[in-house]
């Protein structure tokens, strides 16, 4: 090596990498923040997270567990008057069997997040890997997974889940796994595969082959990182899908879940309070609003990420 | 023929192209490389020049086993390239045979820093410990003129100029000290002085380690300085081959002559005549059986129209030409 | 008034290791109809000059000073919207490696039609006629409009890109290494075409290349850059016959040729400059055979040694000067 008179001390590798990572994160954040939509979405999500975090604190301080427990609670002071309209004690009223609606709403946020995020992560992990593999190998492998995806897109999987729940009880975890796996092998695979195809034909893939990379090494090091941004984007949209699916299934009472926003509406419906629409609004509006708002928030974040991921929208 | 480092025997590569005539699909073939035979010796630099799209890159990719030939046989150090199995044998082959890719705007992963790109072959081949890799990469970067190397290692391709990217591509191929290198226009974006430095590096490796090169270039002056022998390709066929000085001084094939007369002259007071060649490039899709150059040739005669593409024949020892009118 | 007048243009890229001084105090004027060649070492800032004057810089770039006068307007003071208009009708550019910029999924003709319609109100028919005309101009068969980029050879793609740049008859066209990927016969064709078109339309051209032989064939005047600085400007014959800057002299003598004796390739001694910490004084001094004490200390300014021949050097060479 030539002795250089450079004033630069070589930094340790890891330090440089951390710097690079932070730099990239900062740039991407700036792009994300530029589109205000994403920030709004993020704000709403944070709000829900706060709600979720506040629930156990409230339960252990101001809320008497026997009254405010979202599943087993009952307010004896209001016997006979359930469902009670909003009051100081129950800001969003009580449901037909005397439980506090606000407590239910806050408590459920946790399961909604768990479900949405788990399902989305599973589906995107599957979609990314299967998409990359299909694009890279092509041939029979590709054909098999593409037909599978077509099949799934033809077949409404809400119906499939309804059938499944008659065979086994659908708990939250099972539901998350099922939604994740089913949508992972579905449309998202096709989208990520077409993205992977544009990466596969790049000469740097050939260069990696010549350097001695095996198929799996190339998929892992070159193809997956290059479709990752798009995967991440679809993850946001998939959260929306999962939450929505859960709501629909709970509404029809198909799920073995103790409490969720869907179940809140289901309870109202079961006990016949949904008919008089405006009168008992506190039974359905908070849960319905929460579902819509959270889905919308993830959608907005997705749109915001689109500006980061999709170079088309950038300058030049 | 002596058993050299690389031999090609009757190598042909066809690419299917589909044309749609109404709903009927007609299959045609691009004859990208057509019955090519040649050999490169140990420690030799063999130049390959020719028209854009004549099949130079395809030839290179066949040699490094990125493509499989439709027909013919390729051997490197006596090993049949098409028969190499996946896994260990292939990896050992990759260790020995490298390629410098043509377009540095597309052949560098935009998410990899310069270090990631150059260290990749070392990592994949399991060479050097992590700590040594940094020093090895720094060394090769300064050898290709990216100095001081610390200021380049952690840049991304978009933070480099065209010529700097090209040097990263060279460094990636040379960092594992291969035995045979397909260099596809490695210096097209470099100015003379930096190019001279890179050429020195390639020549030094050849002298010290006996590295052989297939040097693809558009620049005849570079071919003259770098190569011992050269071949001129036209639409998938080799039309002339021989020692570089000989070919440049006494070009025989009409295409080679046109090529040489089209080289720009670094003297503003000279007005060069346009090269003696007609028409535009033909696409090599199912070409007619006659001489590939027929439609553009200023010398063609009836003998060319009546016969198939001419074979390579010796006009002088070691100087081969494929032209019916070579002796006229 | 010159068509384009760069005055003290200075631009740097911010990086973690400090600013990269890619364009430093570059002053240069171009007349209407003139062809100017810009040469220099790889990485010396040629592309950066073009990108700066068109204001097409990446986020980490920063124009530190100077003005860009084009037809009497300072481009650096325009709004992004006004600038977009200039980029289309006033100055257009053929980017380095532009062949890759054609979208593989659309027909080439459609891409140019779309580009035209984005800026001009023309019907489809009119726009297509215009594209056919442009194809003729660059020597492509208008039938090729219906084909996809992958059905083009490199030379054809490059000509299509040049046709796109000519679409709105710009006053100035900047071509950044437009022929490096092409063989010499196709290159010869394109250079002849460009020269014809340029004189026909009385267009100015800035031709960026590292290849001085190509520059000799297309340009009337040459600017030589070294490490972000313009070091010599003169008409083409002067630069070739009587270069005054030691770097230009090295550049001219090192050129390999297919004619004459095979001389050993002259290599500049020392290393390419580090733009993060350019040498003090004259940036060329560590590699210059004529460097003296003043060169290491003070930066030479661009001075006229002859009318129309500017050199930034303390010891300009030739004709017994100095």
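Some notes on this structure:
As written, the chain order gives the labels A, B and C, with residue 1 at the start of each chain.
Here is the rule we use: a residue touches a chain if its C-beta (ideal position, glycine included) is under 8 Å from a C-beta of that chain, and two chains touch if they have at least 3 such contacts.
Only a predicted model underlies this, so the values are computations on that prediction, with no experimental measurement involved.
Contacts between chains leave no pair untouched here, as each chain touches all the others. Of the two chain pairs examined here, A-B and A-C, the one linked by more C-beta pairs in contact is A-B.
In this assembly, A is the chain whose CA centroid lies farthest from the centroid of chain C.
A straight line joining the Cα centres of chain B and chain C is 28 Å long.
Inter-chain spacing, taken between the CA centroids of chain A and chain B, is 50 Å. For the pair chain A and chain C, the distance between mean C-alpha positions equals 50 Å.
Within chain B, the positions touching two or more other chains are listed as 102-103, 106, 142, 147-148, 151, 154. The residues of chain A that reach two or more other chains are 2, 4, 6, 8, 20, listed in rising order. Residue positions of chain C touching 2 or more other chains, listed in rising order: 16-17, 271, 274, 276.
In the complex of the two chains, the chain C residues touching chain B come out as 13, 15-17, 39-43, 47, 58, 60, 96-97, 100, 139, 141, 151, 153-156, 177, 180-188, 191-192, 210-214, 216-217, 236-237, 240-241, 250-252, 254-259, 262, 265-268, 271-272, 274, 276.
Partner chain C is touched in their complex by these residues of chain B: 49-53, 102-103, 105-106, 142, 145, 147-148, 151, 154-155, 158-164, 166-167, 185, 188-194, 196-197, 199-200, 218-222, 224-225, 245, 248, 258-260, 262-269, 272, 274-275, 277, 280-281, 283. Within the complex, the chain C residues that touch chain A are 16-17, 56, 59, 271, 274, 276-277.
Within the complex, the chain B residues that touch chain A are 61, 64, 66, 91, 94-95, 97-99, 101-103, 106-109, 111, 113, 115, 120-121, 124-125, 134-135, 138-139, 142, 147-151, 153-154, 169, 172-173, 176. Within the complex, the chain A residues that touch chain B are 1-2, 4, 6, 8, 10, 13, 16, 20, 202-204, 206-214, 217, 221-222, 225-226.
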